[in-house]
Amino acid sequence: MHHKKKNNTKIFKQFGAFIRKEFYHVFRDKRTLLVMFALPAVQILLFGFALTNELKNANIMVVNQASSIESKEITDKIEASPFFTIKMAEHNAENVETYIKQGKIKAVVIFPENFGRATGKDNTVQLITEGTDPNIAKTIINYINAIIGDYQLTELNKNGTKMPFTIDVEVAMLYNPELNGSMMFIPGVIAMVMMIVCTTLTAVSVVREKEFGSFEVLLVSPLRPILVLISKALPYFVLSFANLIIILLMSKYILGVPLKGSVFLLMAESMLFILTCLTFGLLFSSIAETQAVAMLLSMMGMLLPTILFTGFIFPLENMPTFYQWLANIVPAKWYFIVVKDIMLKGVGFASIWKETAILGGMTITLTALSLLKFKKRMQ
Amino acid sequence: MRKILILIQKEFKQVLRDKMIVAIIFAVPILQMLILPWAIDLDVRHVSISIVDLDKSTYSRDLISLFSASESFNLYSYYDSYKDAIQDLQMNKVDVILTIPANFERNLIRDNGNQLSATANAINGVKAMLGTYYLNMIIKDFNQQIVLEWYPQIESSLSNSIDVRSSVWFNQEGDYKNFMVPAILVLLLTVVAGFLTALNIVKEKEIGTIEQINVTPIKKWQFIIGKMVPFWAISNIVFIVGLLIMVYLYGIPILGNVGLLLLYANVYILSILGLGLIISALAHTQQQAMFVNYFFVMILLLMSGLFTSIDSMPSWAQTISYSLPITYFIEASRAIIIKGAKFSEISNLLLILGIFVVIMNGLAILTYRKRS
Amino acid sequence: MKHKELIVDGVNITDKYAIYAENLTKKFGDFTAVNNISFNVEKGEIFGFLGANGAGKTTAMRILSGLIKPTSGTAYVAGYDVYKEQEKIKNNIGYMSQKFSLYEDLTVVENIKFYGTIYGVKPKENKERTFTLLETLNLQNEANKLVGSLPLGWKQKLAFSVAIFHIPKIVFLDEPTSGVDPITRRQFWDLIYDASNKGITVFVTTHYMDEAEYCNRISLMVDGKIAAMGSPAELKNKYKANDVNEVFYHLAHSAKRIE
């Protein structure tokens, strides 16, 4: 009994030494530390403010062959809307194709010669959109239609022909009343950036040791594999968590994302997510033999899928089933849902237990896999 | 000249000898080209809606049937109370809830107008906007039906309205693959060209072989060219293979001139190689190089209009977008591939890319101090 | 191209010395890595450059091989000015660094060909010398093996042979034998003597004091300065020591900068 206790303290001491060593590694390298903290922060700010899927200030061109009051009024309405910027206004459609090809404009609104002058005669507005991005093309068509529809309605009312039985719709935009695109993007960016940073960092650091041969030293140490793995992962866990807190603070105080739910819940979920990413990194490290390979794997292999399958730029529900299934193995997808729900909707654990369970399950599976790989190496 | 040739030869041998690296350079981009484009579809279809019908009248039933017939909507469920419906919204099961108030039909006729209310989950702003837009359209149709039922004579004044005849140029089918395949190709090219160069030079730094090179009579520019040529060649191979996949597998024709596209691609590759060189000069370890690289690649990808529209960004962010070479290359490749642009129409883009090549490589030479 | 002759105190440096250094100083900020050192190395000499870690050996060597410029002082290597003619210096020296300097992912022959070409050895000449080199090192069977797969001792011998492949005037060796077994070290020094016999001046830093005995002359650096210089016999006499090791201890004892 006594002996066993002594043995335990010994293991504990060894374990402590390992952890200390890992911390030294990580925290002495000031440059890497800077990179690790500064880059994600800059990215969150940049992408948080800049990225949106919405249509805003789309550059369009108006070809007004009519110069009637009506065409002028509609043009003003288009210009006044937040969706469009009239970049060019010409009286003929000569240059339309060139401009579109050059990417200067996304759409053209053409008022024919007789537009508006004699009511009932040639009252067709021609709208040409550029279909490279089908979503934008479609949205432009919808919005122009809506603007012109609105215009007509006000005109009708002006003329005294009040429409009978008007049905109004009062719309409430829940969770994001200003329809601020970054509300959706910021949690996505957080999930994506953290996933890439945590995973690559862990993978590369472990492989780096492998490459320099110091990993072998760890392998022959008396410490149990699981403890070696934990000591490797712990500094990165601390680092990533600090990083995440900075990012979350930034999104609340600089980007203005509300935090409606519990801070504790968010922290707990964030820890779980970081853990998942770390174990992902460990798994990568067991595949790669050189740093270059680990990096290329995580850059080329992971970057694009993470951007795609987190689901903040590209809606997952639009994807074919196979891809939706594929997205399920991307931890960032689940964390994105969690952050979104806690921060914006203020939901409690009851609403996100499923996501939590999935992240937890992933962590356990990945740890087990890494351990297995690790043990194989020792034999 | 012989010195440069042997440098290039050495680089090729080293890269091609590492089977894992070769696999990653070639297989990963190709695999991603094959798999990923199918996944992307930004089209907002099937907005899920729940309807709370507190009226249960003929009109409310008519309205509901309009929604269930609509292609834009996916009628998730009906409820008798708003409280039940809001839970679906919270669980992300529906995007919009439409509430038809009690006595809707009666009050509409009695008061010559009435109000419906809709609640949208606005976290996904695009979906909320489009969803409510579709909703408004359906209700407008419904409204007209009722009006015409009561006052058929009003039709003439309605028909006198303005028509919008819209047409889509280029990519008429609205196929997302036409949008995404060239984008992914550009992305992979960027990663291969920028990343490999930087990583490769830093690796020599880390191992220490660069020290040996520094004491040899090799000049700075010779060393740089020796590094650039192999990666320039590899980038070209990746790009051409990618183009073949695009044309023959995805059936996306290059409407413009292929030679023109390759010209733009090569000027772009040179500018990105310059970026890789700058990073390699600044970083001391592969780890640092990777993170800096990752940082730039992310910015290049996300700020360049590859996935989201630059017009929609705030103006300061647009300034950033327009100071990235990738923005112009994406513009050019979409113009050439999808819109069939001629050189005269996009010559300014080549000029800008050329300026980037000069700036990037000039900076690289400045930063890349042989003695450090 | 023949450079101008240098006459200092009536002595033609270019003719007499492979390396000529006077009051050479290198500062990094406040830190003086090399402090006012002066020494000459004669042509064909094996010159040992000794000192504890951090004494300034590597910095001095980097200046002499044209990698960095000194802060002040004069130095000529192979008759070329270290301030202005670094490129010419590089053409005339060989260098073998502490870190292993060959490419592990290239084969033996590829490495030789690479460095030979870099130094402007003509292809035909390159082939012939490669053949001789492989024969001397007894590496014929390993010619097409990756350098990474060779044992360390072989690698070091190969690295040295590659460093003098272009027959430079001077070869700089930065701790060439660290981590190598005694037998290989012995063989390594045979190679150094061979080179010296061919007229190549050898400038070598080392940790092993027994190796210092193999040098014609040695200098001992302490805290950036040269504390003693002379042939091993002279130094042992002066400090009444049995071997160079004792000399070293005697002098290094006072060192303030030890890593």
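A, B and C label the chains in the order they appear, each numbered from 1.
Quick note on the criterion: contacts are C-beta pairs under 8 Å (C-beta built on N, C-alpha and C of every residue); 3 or more make two chains touch, one makes a residue touch a chain.
This one's a predicted model, so the numbers in the text were calculated from it and none came from an experiment.
Comparing chain pairs B-C and A-B by the number of C-beta pairs in contact, the larger count belongs to A-B. Ranking every chain by how far its Cα centroid lies from the centroid of subunit A, the top place goes to C. Averaged C-alpha coordinates give centres for subunit B and subunit C that are 56 Å from one another. Taking the mean of the C-alpha atoms as each chain's centre, subunit A and subunit B sit 13 Å apart.
Residue positions of subunit C touching 2 or more other chains: there are none. Residue positions of subunit B touching 2 or more other chains: 18.
Interface of subunit B with subunit C (complex): residues 2-3, 5-7, 9-10, 13-14, 17-18, 207-209, 211-219, 371. Put simply, subunit B touches subunit A in their complex at residues 18, 20-21, 24-25, 28-29, 32, 36, 38-46, 89-92, 108-109, 112-130, 132-133, 135-136, 139-140, 142-143, 146-147, 150-151, 154, 157, 160-172, 174-176, 178-179, 184, 187-188, 191-192, 195-196, 199, 203, 284-288, 290-295, 297-299, 301-303, 307-309, 311-314, 317, 320, 331, 334-335, 338-341, 345-346, 348.
Per the touch definition, subunit A reaches subunit B in the complex via residues 31-32, 35-36, 39, 42-43, 46-47, 49-59, 70, 85, 97-98, 100-103, 106, 119-120, 123-139, 141-146, 148-149, 151-152, 156, 161, 163-177, 179-181, 183-184, 193, 196, 200-201, 204-205, 208, 288-293, 295-297, 299-301, 303-305, 307-309, 313-315, 317-320, 323, 326, 337, 340, 344-345, 347, 351. Only residues 65-69, 87, 90-91, 93, 95, 97-106, 110, 113-115, 117-120, 123, 146, 172 of subunit C touch subunit B when the two sit together in their complex.
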